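Chain naming follows the written order as A, B, C and D, and within any one chain the residues start at number 1.
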Amino acid sequence: MPAGMRVGVLTGGGDCPGLNAVLRAVTRKGISVYEHGILGFRSGWQGPVEDLTTPLTLDRVEEILNRGGTILGSSRTNPYKIDDGIARLKETIAQHRVDALIAIGGEDTLGVAEQLTHDGVPVVGVPKTIDNDLDATDYTFGFDTAVHIATEAIDRLRTTAESHHRALVVEVMGRHAGWIALHSGLAGGANVILVPEQEFSVEKVVEWVEQRFERQYAPIIVVAEGAVPEGGMERLVTGEKDAFGHVRLGGVGTWLADEISKRTGKESRAVVLGHTQRGGTPTAYDRVLATRFGLHAIDAVTDGDFGKMVALRGTDIIRVPLSEATASLKTVPLERYAEAEVLFG
Amino acid sequence: MPAGMRVGVLTGGGDCPGLNAVLRAVTRKGISVYEHGILGFRSGWQGPVEDLTTPLTLDRVEEILNRGGTILGSSRTNPYKIDDGIARLKETIAQHRVDALIAIGGEDTLGVAEQLTHDGVPVVGVPKTIDNDLDATDYTFGFDTAVHIATEAIDRLRTTAESHHRALVVEVMGRHAGWIALHSGLAGGANVILVPEQEFSVEKVVEWVEQRFERQYAPIIVVAEGAVPEGGMERLVTGEKDAFGHVRLGGVGTWLADEISKRTGKESRAVVLGHTQRGGTPTAYDRVLATRFGLHAIDAVTDGDFGKMVALRGTDIIRVPLSEATASLKTVPLERYAEAEVLFG
Amino acid sequence: MPAGMRVGVLTGGGDCPGLNAVLRAVTRKGISVYEHGILGFRSGWQGPVEDLTTPLTLDRVEEILNRGGTILGSSRTNPYKIDDGIARLKETIAQHRVDALIAIGGEDTLGVAEQLTHDGVPVVGVPKTIDNDLDATDYTFGFDTAVHIATEAIDRLRTTAESHHRALVVEVMGRHAGWIALHSGLAGGANVILVPEQEFSVEKVVEWVEQRFERQYAPIIVVAEGAVPEGGMERLVTGEKDAFGHVRLGGVGTWLADEISKRTGKESRAVVLGHTQRGGTPTAYDRVLATRFGLHAIDAVTDGDFGKMVALRGTDIIRVPLSEATASLKTVPLERYAEAEVLFG
Amino acid sequence: MPAGMRVGVLTGGGDCPGLNAVLRAVTRKGISVYEHGILGFRSGWQGPVEDLTTPLTLDRVEEILNRGGTILGSSRTNPYKIDDGIARLKETIAQHRVDALIAIGGEDTLGVAEQLTHDGVPVVGVPKTIDNDLDATDYTFGFDTAVHIATEAIDRLRTTAESHHRALVVEVMGRHAGWIALHSGLAGGANVILVPEQEFSVEKVVEWVEQRFERQYAPIIVVAEGAVPEGGMERLVTGEKDAFGHVRLGGVGTWLADEISKRTGKESRAVVLGHTQRGGTPTAYDRVLATRFGLHAIDAVTDGDFGKMVALRGTDIIRVPLSEATASLKTVPLERYAEAEVLFG
């Protein structure tokens, strides 16, 4: 086990609660157990390309475990799309005598990590996606926090819906995968859950909504931002006036609230949760998962096991090839959606 | 002290955390101390007009103290705008032998309450407004909860803004008064706070934003939905494309994020908090205030002190004429805004 | 698939967030999909023995998903230890024409369930343990909530410890298994974590504590109530005076805080979290898991697959023999503890 | 208005959420508006005595607004009880050319501040007490957070009490004043609230408890740590065995749970909330109040208005003589307690 390596770390892509917990675990174990030096690269892949660095010491990673965001900053820079990007990246790495990289990010960041491995840069990956749409791991950190926040919002919105005998459509994150909608919808007791994996019938939604109103309760509809009605996108044109008489053209949530109003004659409103789902203090679940990912990533680096990423399988952390990170999107299987559907209405 | 009255209660207007706490306090003290009977009217003033009732017993008000919404439901019905509205209301009241009413609501609900007092219906009011814009009372329940929720959202959004070096505009409730913006902005450490009470200069906002970026931090701008730029409404026309390429025409938050992007060249996003601010479990502060309001309202009824509403003055609950509820809007004084302004940037 | 069965349900043992979510899922799917009738037995096994019942209808299970506790009540009654217990239980079941039972509970409750299966009563089990110490399932509902609450407490205590340069010992639940200590300790960034699975060396604890003080930070020690020092129980005798000069003889947490004070000369305090860890609103994670357990339990009943209990394996819900519920305690493996230990100090 | 002063700041006494918010406001307004230099003294009055300092810059007070504790550290050091304490304090101040001090603390800290004013050291005070027992101000920061945490705990404990048909005694902070017990008890719907201001009758408590059990609900009793039974302290001797058979001698909460068990024959448990009430993220209310206190304190310093402390009166921040801070304890008035008592049982 080679101690005393120089290990570079970076965080890429969108914000995600738990990034700092990974950085802390990598740094603490790296320094205390392996006597590595840990160098942070700032702003994702932009860091090694433009030589933006910040040393990660034991003191620097104090008090960051429960903080959202990333102390390294992030970006969507792809060094392969920049002139001389890879050359400059290799130069920076050589100059700082960095022996290996840990790249924490989603599909794009890990895609770069995989290519770099083929191009002779030793990298270990840590998967990160709020959306939980990575096939190679049971769960990723950040997802539990996003579901937690969306569920709290649904809990709050339910009392307003009930007080006003009103339908409420809650639009949550998820362009291609409906995991956040499915889990927050189940946890919040949603009366309809709509996911990108399955085109939805407005008629069927209206049926569930009316069934709910008939039972003297107010319906909550949770919809992933990427869900689409049968017949597709062109149906998604809508207008709603705000307090100032301006038309608000919205996404599927706003459109659906409008349709429900028109078809049921009942008041219906949309709430778009947006960025609040991806920031702030991570849940305990995400802190544990992110910490374990960090501990295992620095192990993999020390073992020289490059081209791999850490992943959760059951209750174990395993290593899988980086190529699996980008192989296929993990969408909600039809049987999982059907399992939830029996609770609609 | 006349015991054994029949007291009717109703909740009108928008949802507000703490309504159930008022109902519980009225019912428990009404029954246990005064041996009154308490009759709930459903759906605001619609209840006494259309004879929609539900008895409030000790068992019915168990387990509702910490729940948002109102177990009586609400509406914006105005009996004075309904044919025979007042006659039907009086008939319902007579039929159920109701001696007096407690009306819990905002400007509109209490406006009706005041008129009814002149028309011979004995009413005591309990003020309710998320927006804290009622001049007769230091605070109203629901406001602290709204500020708490907005502040939590700002806390979460800050880490995302920092990670992405991005400006975030958070649009909170407040069409005519900026109290929620002021308090959540102060609590969340906003770098700019914009309120309806004072037209804002986009140039000045951009200055604060750039000052913040120069110090290597990301700016958070909290804006009340009713804030307007100098030059007024016509400037508020904007367009932002969502994930599906649809134009989203928004309120002041979306417009401002757009302007900041254009003028600073930095990424900027808007988050509209919406209805999540007015539902769900009330804070401890609001539960205490709502409970005290309820206890004092049933006292006022028992004392025969009609045409009054309860109000908070310092740490005391006092009674003021119902007319004060609708006399003038309590807006943020310029000196309170100036006090906060020194923290901008 | 036999529809129209009469299914009895009961909850036994200690309180656990998520019980109501199971009841709701069983009832909704049982009624809506299978057209079963669902009968609740109150107070655990006491219900079927003493004929304490309450029907579970769609209306009864509204608004309970996010509430802690159990609307059926619970008890630790064992019908095998009551005269004529089993006979009376069978009589009750026959009288209500109950075709099968769903028993939700821990080791004891499910032990009875297994015996009953052998004695001709068809039962399906749902595992429940805050402590996560059931070998047959990856996780049980309630555990995530307990960890969440303990972690929040640690977050709060850390700022106090830092402000006062003081060591804080946090005693969490876990008599035989250290899962809550391990997960909340990792999530809260504890500087020492002590579990029942491994006797601890006070000398070693003091070493970590002093290491922490030397780095100018305050140490947080998370200790499971069942952890014991090397040399065993007899070392656990302690005394601490409260505000009134009374001696407070405590568990391992109080004892350890005392030892740390004596050996380091630094102030040290113990906080015993107690029952707050097992009540209240379940986390989103626990609501999803409990809901899925409920859905699969009513499936198993409908399939006539008795003597089984539902369990989580990876992301799937599977069925395992009830005997597995009581076969062996799932303790923290030494390698999982060692994984965390590198973060101590 | 003299700009460019050198202002020293310190935090003394027990931890309290909001201290950092005061430091941030003092520093930001001090530097940005008045061009003062702000010097932090560490560990309360120990700082100026032993010359422990840390400069407070704009960067240093970033990201501390929502953090519990105090970045300056605290202590209970009294310079008047240390040999040469005052001389050394004056020397430190002179050496750093500090023109004035802001002392943030409770009765003891502000008592020293007042004496120092008489001894020629210009000081402005900011009141701080979790217990809300300071007569000169309507509320102090930290109190709302403590009530919030205690209320959340009561909410959680209620479901456990109900599930097990058990009485739960929750012991909260408050040695001399019952404000936390009163407010958290009201907010949590406690069935009995006991405060230090009024000796309680165990017989009467048992009556309320039994009344509650008769109505088929579980009683929650909230008791301030300083509450005493009629007949006084000597009644407070109790023993309860923990998991290991050790006797746990406790405070009034444990004693009362024991008494309730003995007298009612029902299970009863005590939970002592302890330090969790005084740490962690402050509520939005406390952040606003603390921020306003800080802004007004630096104003007072700049105005040369020494020997004063800032205070909340209604919705205004005013200045009162420092002597008022220590003049008399603000206890719960009997009529406020009586107001709550009608909700018992």
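Just so it is clear, a contact is a pair of C-beta atoms (placed from the backbone, for glycine too) under 8 Å apart; a residue touches a chain by one contact, two chains touch by 3 or more.
Small disclaimer: the values here were computed from a predicted structure and weren't measured.
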| item | value |
| --- | --- |
| Neighbouring chains shared between chain B and chain D, ordered by label | none |
| Shared chain contacts [chain A and chain B, defined touch] | none |
| Centroid-based (C-alpha) most distant chain relative to chain A | D |
| Chain A-chain C separation of Cα centroids, rounded to whole Å | 29 |
| Rounded Å distance, chain B centre to chain C centre (Cα mean) | 39 |
| Geometric centre distance via CA averages, chain D-chain C, whole Å | 33 |
| Multi-partner residues of chain A (each touching 2 or more other chains) | 155 |
| Chain-level touch network, classified as line, ring, star, complete or other | ring |
| Listing of all chain pairs that touch each other, if any do | A-B, A-C, B-D, C-D |
| Of all residues in chain A, those that touch chain C in their complex | 24-25, 28-29, 32-33, 58-59, 62, 65-66, 138-139, 144, 147-148, 150-151, 155, 183-184, 186-189, 215, 217, 283-285, 287-288, 291-292, 295, 313-315, 339, 342-343, 345 |
| Contact set on chain B toward chain A in their complex | 11, 14-15, 17, 19, 43, 67-70, 73-75, 149, 152-153, 155-160, 162-165, 168, 175, 225-226, 233, 236-237, 242-244, 246-252, 269, 271-276, 278-281 |
